[in-house]
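There are two complexes below, and they share subunit A, which is joined by subunit B in the first and by subunit C in the second.
After this line comes the complex of A and B, so read on.
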């Protein structure tokens, strides 16, 4: 039985990874902009960014997905299920990633910025070569943890019809009446993917830690 | 109405590698630095001593605008900034930072970059040096601070004294006209501090203009040409090193020196 279920459900791995990866990528980039905005000298920019980060995080992911997929067509914005899922999760990820970056930035000692200033480094060079690499190192474990969280949340995309792991598990369960086994297989697939993410990030973290020591 | 010639020459009339006049800084109503004047000639070494809270570090950090002074003027090696009022334009501050090199108490090397990268990155960004040029300068300076074999090491692998010597090399790589040292040995074991002091001594002998905030009284007396004693945000006295150490004029200076030297 499992030899039939596994390949059937594993068809969803691709879209699970696609939705999770794309959302983490877009969310990561938008999060950078957001964290920049929260440090803007302009009050209104700071205010909007802070509001966005806080509002986005308290709305449940499934509400976001329904809002985008079922709500927006009312204003003639009809998206594919995959587009809707990626947009929804990107919005959510951007707010969380901004918070993760913020904690990374806070961990950098003031002396690093002072040294950069005293040397006369340009702002761009300071951000790109001094601040970001160090903040990234500190933020990496939190980013990996969030990535695993997002992977699990991506199962919600099945509710709007994205053919990812949970979608196929549900389909298999209905067709074969092997509900328990179907969802165990789905769970096992999530475990395997999570483990890969965890192991890779731990490896990278240890390598960086060994190289530059604990900041 | 007769013309009265001022008793005090205007700051612009003074010449020197460093001309600081009337420098002050207040946060709201509290004054942390007031009316500090200092003129240094090229190649001169001045040590700044005094009790903690005297404003020594604040003074030093105002000189490259890590702290923003609220009054006075700073002229160093061709760069000139007038404090107070509107924030001075970024280009004069950049100029000020360009002609000064700073060494911090906590080294502040970039931990994610190798020693070589720590020294080459600023040269490439600030001076527009090529990779080869920058590496050549770095290798020469690493030799000069006695660490030619550490180019590939990361700062975490080095002792505090080694890190501080690298920090000195990093600052020197930009060919500053004046080096500012902010308690460069305070975070180090007394023994390790000696290797840093030795590098600074060489630098002084080679004619670098240096302003050194320090608690190292031997260094202040033996290496610097003059000692400036600060207390309570102002200058208590300034004079030739031997003289300040042996015959301090100010009562507060006497107290401070007694406390430091008797321990």
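After this line comes the complex of A and C, so read on.
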């Protein structure tokens, strides 16, 4: 039985990874803009960024997906299920990534900025070469953890019909009446992918640590 | 103001859904938190099989997406001869999920209590369970409470998942109205506003709780 179920459900791995990866990427980039905006000297920019982050985080992911997939076509903005899922998860990821970057930035001692200033480095150079590399290293474990969280959230995309792991598992469960087995297979796939992400991020973290000599 | 009158008209239909969402959240927390504490204590037990059980329960509860856990129970329990309503199934799945996450916070809280406290309890003649209950646990709970309160907020948001197994909660009610009126955007906007405002209230309470618990740290 499992020999038939596994390939049937594993078909969804590609889309699960695609939706998770694309959303993490877009969310990560928007998150950078957001974290920049929250530190802006202009009050209104700060206000909007903070409002955006809070509004995004207080609404459940499934509500976001439904708003985008079912709500937007009412105004002639027709999206495919995959597009809707990626847009929805990118919006959600951007708010969480912004928070992760913020905590990364907070961990950099003020002395680093002062030292760069004393050396005569411009603000942009300081951010690029002094702050970001250090902040990224601090934020990496949190990013990996969030990536795993997003991977699990991506299961929600099945509710709007994206053919990822959970979608195929549900289909198999209905066709074969092997509900338990189908979802055990799906669960195992998620756990395996999570473990791979965890191991890779641990490796990268260690490499980065070695590079600056704090192994 | 068109949209507001529309929303006011839908509210009576959504209210029972919200009540079920809150009920689901409350019960998941009621069962999930004690389960989490139990799992955390089991993880620290000297008897190895207890550790394994705790590990397995926690890793399944945290490792699987909540949605998969929900489907897993929903599709497999009837085959095992257990017929439950979809609400009960959702309560079990969410409690499991909550318990798994909560156990990590409890474990961190227990680990943060200095070893000297246990030694001090022992020298005061408070051994085993008594020492744990009177000396260790209260200190651990104070440390674990803020993250647990944050978890409670996430559980409320997670209760929206019960929609997929047809629990008549807020999201389902919204879906119902949307498929009758075709006003998808407006309906989901309203559900988003309801979820958002209740979450904000929760978050405000969490902040008050954090301040109260931190009072002993603020001198003068």
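One rule holds in what follows: the second predicted complex is superposed on the first by the 210 of 215 C-alpha atoms of A that agree within 3 Å, B and C clash if a C-alpha of one lies under 4 Å from a C-alpha of the other, contacts with A are read in each partner's own complex, and residues count from 1 in each chain.
The working rule: a contact is a pair of C-beta atoms (placed from the backbone, for glycine too) under 8 Å apart; a residue touches a chain by one contact, two chains touch by 3 or more.
These figures come from a predicted structure and were not determined experimentally.
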| item | value |
| --- | --- |
| A:173 touches, of subunit B and subunit C: first, second, both or neither? | second |
| Partner chain(s) touched by A:17 [first = subunit B, second = subunit C, both, neither] | neither |
| Between subunit B and subunit C, more extensive residue contact with subunit A | C |
| Partner chain(s) touched by A:204 [first = subunit B, second = subunit C, both, neither] | neither |
| Touched partner set for A:120, first subunit B, second subunit C, both or neither | first |
| Parts of subunit C lying in touch with subunit A, wherever the complex brings them together | 59-60, 63-69, 71-72, 74-76, 78-80, 157-158, 160-161, 163-164, 171, 174-175, 178, 182-186, 188-189, 191-192, 195-196, 199-200, 203 |
| Complex interface listing, subunit A residues touching subunit B | 109, 111-112, 114-115, 117-122, 125, 129-130, 133-134, 137, 208, 211-213, 215 |
| Residues of subunit B defined as touching subunit A within the complex | 64-66, 94, 97-98, 100-102, 104, 106, 108-113, 121-122, 125-126, 154-157, 170-171, 174 |
| Subunit C partner contacts - residues on subunit A that touch it in the complex | 55, 58-64, 66-67, 70-75, 151-156, 158-159, 166, 169-170, 173, 177, 179-180, 182-184, 186-187, 190-191, 194 |
